[in-house]
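First the structure, in the form of structure tokens, and then the observations on it.
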Amino acid sequence: MKEETGTIVENHHIQNEYYLIKMRADHVSKQGKPGNFIMVSASSTLEPLLKRPFGIFDLNPPYIWIYYKVVGRGTRLLSTLNPDDKISILGPLGNSFPVLENETILAIAGGTGIASVYFAIKEYLKNNKVSLIYGAKSKNDLNFLHSLETISLAGLYLYSDDGSIGIKGVVTADIKKIINQHGITITISCGPDEMLNRIFWIIKDLKTDDYASLEAIMGCGFGICQSCVVETRNKEYKQVCTDGPVFKMEEIQW
Amino acid sequence: MVDLSVDLGFIGLKNPVIPASGTFGYGEEFLPFFNLDLLGAFVFKGIYKNKRMGNPPPRIQETPAGLLNSIGLPGPGMKELKKIIKRVYQSTSTPIIINVCGETDQEYLDVAEYFDRMEEVAILELNISCPNVKSGGRCPAQDDKHTYRLVKQIKQSVSTPLIVKLSPNVTDISAIAISAEEAGADCISLTNTFLGMAIDLESRKPLFSKIVAGLSGPAIKPLALRLVWEVARCVHVPVIGMGGITTGQDVLEFILAGATAVQTGTINLIEPSASIRIIKEIEQIMKEQNLMNLRELRGTLKT
Amino acid sequence: MVDLSVDLGFIGLKNPVIPASGTFGYGEEFLPFFNLDLLGAFVFKGIYKNKRMGNPPPRIQETPAGLLNSIGLPGPGMKELKKIIKRVYQSTSTPIIINVCGETDQEYLDVAEYFDRMEEVAILELNISCPNVKSGGRCPAQDDKHTYRLVKQIKQSVSTPLIVKLSPNVTDISAIAISAEEAGADCISLTNTFLGMAIDLESRKPLFSKIVAGLSGPAIKPLALRLVWEVARCVHVPVIGMGGITTGQDVLEFILAGATAVQTGTINLIEPSASIRIIKEIEQIMKEQNLMNLRELRGTLKT
Amino acid sequence: MKEETGTIVENHHIQNEYYLIKMRADHVSKQGKPGNFIMVSASSTLEPLLKRPFGIFDLNPPYIWIYYKVVGRGTRLLSTLNPDDKISILGPLGNSFPVLENETILAIAGGTGIASVYFAIKEYLKNNKVSLIYGAKSKNDLNFLHSLETISLAGLYLYSDDGSIGIKGVVTADIKKIINQHGITITISCGPDEMLNRIFWIIKDLKTDDYASLEAIMGCGFGICQSCVVETRNKEYKQVCTDGPVFKMEEIQW
């Protein structure tokens, strides 16, 4: 974990509100593990004040990638960065997905949730079988399909709310079937709270080990402000930034 | 060489920069970023007698150049904290300040007495901005008589130097500061957060479960500077200034206004090594202005 | 069609947006930007009995998301203002509000009585945040008894509806608001600026000749919202909310918190047509949320 | 006077802290007169809060130019603007230099003060004889020399504090001599307060009509906030933004 000034190599506008930043970050790129996130600030003034959290989408030292959607002031500013612009980074932060071998893994990503599992999928593919369920509102919200189709997933299941691509419906529609079909032993999920909630109730009685990467409003990202808490089943608060962002699903109070 | 040391009377600090309570964890979280020995002192996050969960999320909201927080002072309770203090004490020789909280005067007293017995604790900072259950949620810092009573009681029972930390949400900050001083405070620190509020338009609900929240950050700096100036004019004990400090220049402004030392708050969340940068900036400006030490500057505002 | 009109009891306004005193000149300066008829009402800059020069420059300083001002209420005096009122009255049917200032209770009374006789003046807004020469520079708004006495006296002498504009620099805003209401205020507006300060490090002097200055702008919005919510809970007269409003969403938050109307301040300096944009934004959000009128929303914050 | 969203055509980095922006501004470019200024904001957030004042350096509808020096947050942000970026403008503001014919004019510019007299000089050259005194710290602070040398000035006198260009010294060094030599009837000046102050005391007893373009901290630029006042000789305050920025020199309390 370090403070670092990165340099934008490319700020690729994928489509609509979606962007992929490639940046040079000597430290973070060396230390980052699948599941980790970083805090970044695109602003040179005090507005917005806080850094913003983003999952490490991919990494190849000295470069890292973040995939983001423009939703407010911070991400809008981020989208105005040009090559050679500086970006202030804190990272890598948080825990990571478990190291696994010889498992049959199912990754489930909703929307920008793909950002937090993509790197993990690539790592897992080295020593495991991996399938992916990936869904969003419409085909305009599903990106990286070409990459995903060429990294030899055991299965790739696409969903869209409007049926514009893949199966019409939500990512949770056929989870049980897919788990049975592939003999899944591990699931990793990332997406909106509501999606994770539904996943939990669907798979909680199956024999899989289930991990989810959570989001929360973060003030600092490194355990100081205690703003990012999530309630656990035993009625305690855990900090998403330091206890997570990856949690065993049964730990959380859904 | 410029001399950054400052003297609080009851203790000397190698420089005036003290990370503030609630924005610096227990110090150890900052070890990846710098050596704690570089700081003037640092304040642990606020501690009550017993373990507390804190408020349900959301607990923060960014505002223009500011941060609203309603964390609710979660913490492990004073017994657990003792272990943490002993551990952190191993990693630094910088004075550790304990931020003492309480829902009642008795609880404040219990917590203060508990840590008074620890040699690892250099200073106690009495956070009199905690909502008080017996005063309908109002905090002692909003009432000069309550402030006097509470500080007096604690000073009679503890020997560790006592900083009293004021709230800005008052008509007459001088009256509160003078009460604290008369009751025996060794030092006054200010300011805690300003009462604010956020609303979620869609759900038509207050964003925070406790409705109100505390505003900190650059937005409040001009307000904090005024309060520190007012207090420093009317008390004789040293004053520790804070509120929106982000640069060495900010620090020197607070010192001109009469502060002996300062605390850095919200900036620690955004830029973990900010306090170290700020110390360097102070040194730099002092060199540029041919200032040998901070005594030359303190309280010399020409009004 | 959504209905933007609001009812202050003593007067109905076509919409809740009222440019605030000191940030809207005498209205005519805004004629190049829009038709004044589009506004709910507007407030003239504060007026004393006699001509005033105001403070020496500098008079403003930008702060993070805020503006410190120490203009010193320059103005032509009430006789000259009368002519201006008559002139501006020709160019719009929107209610004109006169912001009444005074260094003594008598001066407040003289100014209020003077404008009470003018049919062109729809409403008086009593700016009780003026430093009072007989209270050591403190303003009436910082003392509930002074507020009561002053408002009572004025209500006994004038028949024009009276808004009392509060200062935020108090421990207990409700107490002041209740005093104003009990003394007969027809409406409460808040908040005026927060006391702040700026220092010029190089010269080691306060930036402003009066040392302290008033903070306005987005930086104070969370603080103002809290104050408006507190006041709206405890008085029965309508409340006009202000402090850092820059968007229609901000306005609806103040209305949720209990305000009947709002005033736009600093934003008028930066974006002259802001009030018109804000009115459009309110309309837009109301449509999106299927709100037919603002009564449905006012004070409905679910706490 | 109008609010207008301009478009950056070019943000030319001249040297060191100096930039020249060419922007498209349909309204301002049509209405602007020599001496007018505009208020601009380069920020899309509330930081910095206020717009910043700049003289209209030159104008050719639908384009206007501003010449600026990076001195703080606002101008630093301005320097990051790229072609096609939007810029929010209020203008044209303030009064203008008097309309003159058949006069012998001396313009005196210190540093970025050239920005407020350049446009006036070009206008005056149509029907008057114009000389220019132009000075700054060093040759790195004196720009547009090529243009100035080719617009047929009756005299061009350059000064630098360090002697790196022109005469070593301040712009006020030889004013009297130059005025006598050319038979100057009118002077217009723009530069630091201290320079204007010195000019006033040097030329106050000469028979010239003297105008100065003043600067002040401005909150609004259009007469509302009363922040931009300057003291006049009869102990009143005038507003630089609406009563000025151009004043007859003898009006001001120097």
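Some observations on this one:
To keep things simple, chains are lettered A, B, C and D as they appear, and every chain counts its residues starting from 1.
One rule holds for everything that comes next: a residue touches a chain if its C-beta (ideal position, glycine included) is under 8 Å from a C-beta of that chain, and two chains touch if they have at least 3 such contacts.
Given the structure is predicted, the values throughout are model-derived calculations rather than measurements.
With every chain reduced to the mean of its CA atoms, the largest distance from chain C is reached by A. Measuring from the averaged C-alpha position of chain C to that of chain D gives a distance of 37 Å. Chain C has its Cα centroid 48 Å from the Cα centroid of chain A.
Rounded to whole angstrom, the centroid-to-centroid distance between chain A and chain D, based on C-alpha atoms, equals 53 Å. Separating the centre of chain B from that of chain C, both taken as means of CA atoms, is a distance of 34 Å. Multi-chain contact residues of chain D (touching two or more other chains): 46-48. The multi-chain contact residues of chain C, meaning those touching 2 or more other chains, are 61, 64-66, 217-218.
Viewed as a contact network, the protein chains are fully connected, with every chain touching every other.
Note for the complex: chain B touches chain D at residues 64-65. Listed in rising order, the residues of chain C touching chain D in the complex are 22-25, 29, 32-33, 53-54, 56-62, 64-67, 69, 71, 74, 217-218, 246, 266, 268-273. Those residues of chain A whose C-beta lies close enough to touch chain B in the complex are 1-3, 41, 46-51, 88, 90, 216-217, 219-220, 222-231, 236-237.
By the touch criterion given at the top, residues 61, 63-66, 68, 142-143, 169-172, 194-199, 201-206, 211-213, 215, 217-223, 225-226, 229, 244, 249, 252-253, 256-257, 285, 289, 297, 300-303 of chain B touch chain C in their complex.
Chain contact summary for the complex, chain A toward chain C: residues 46-47.
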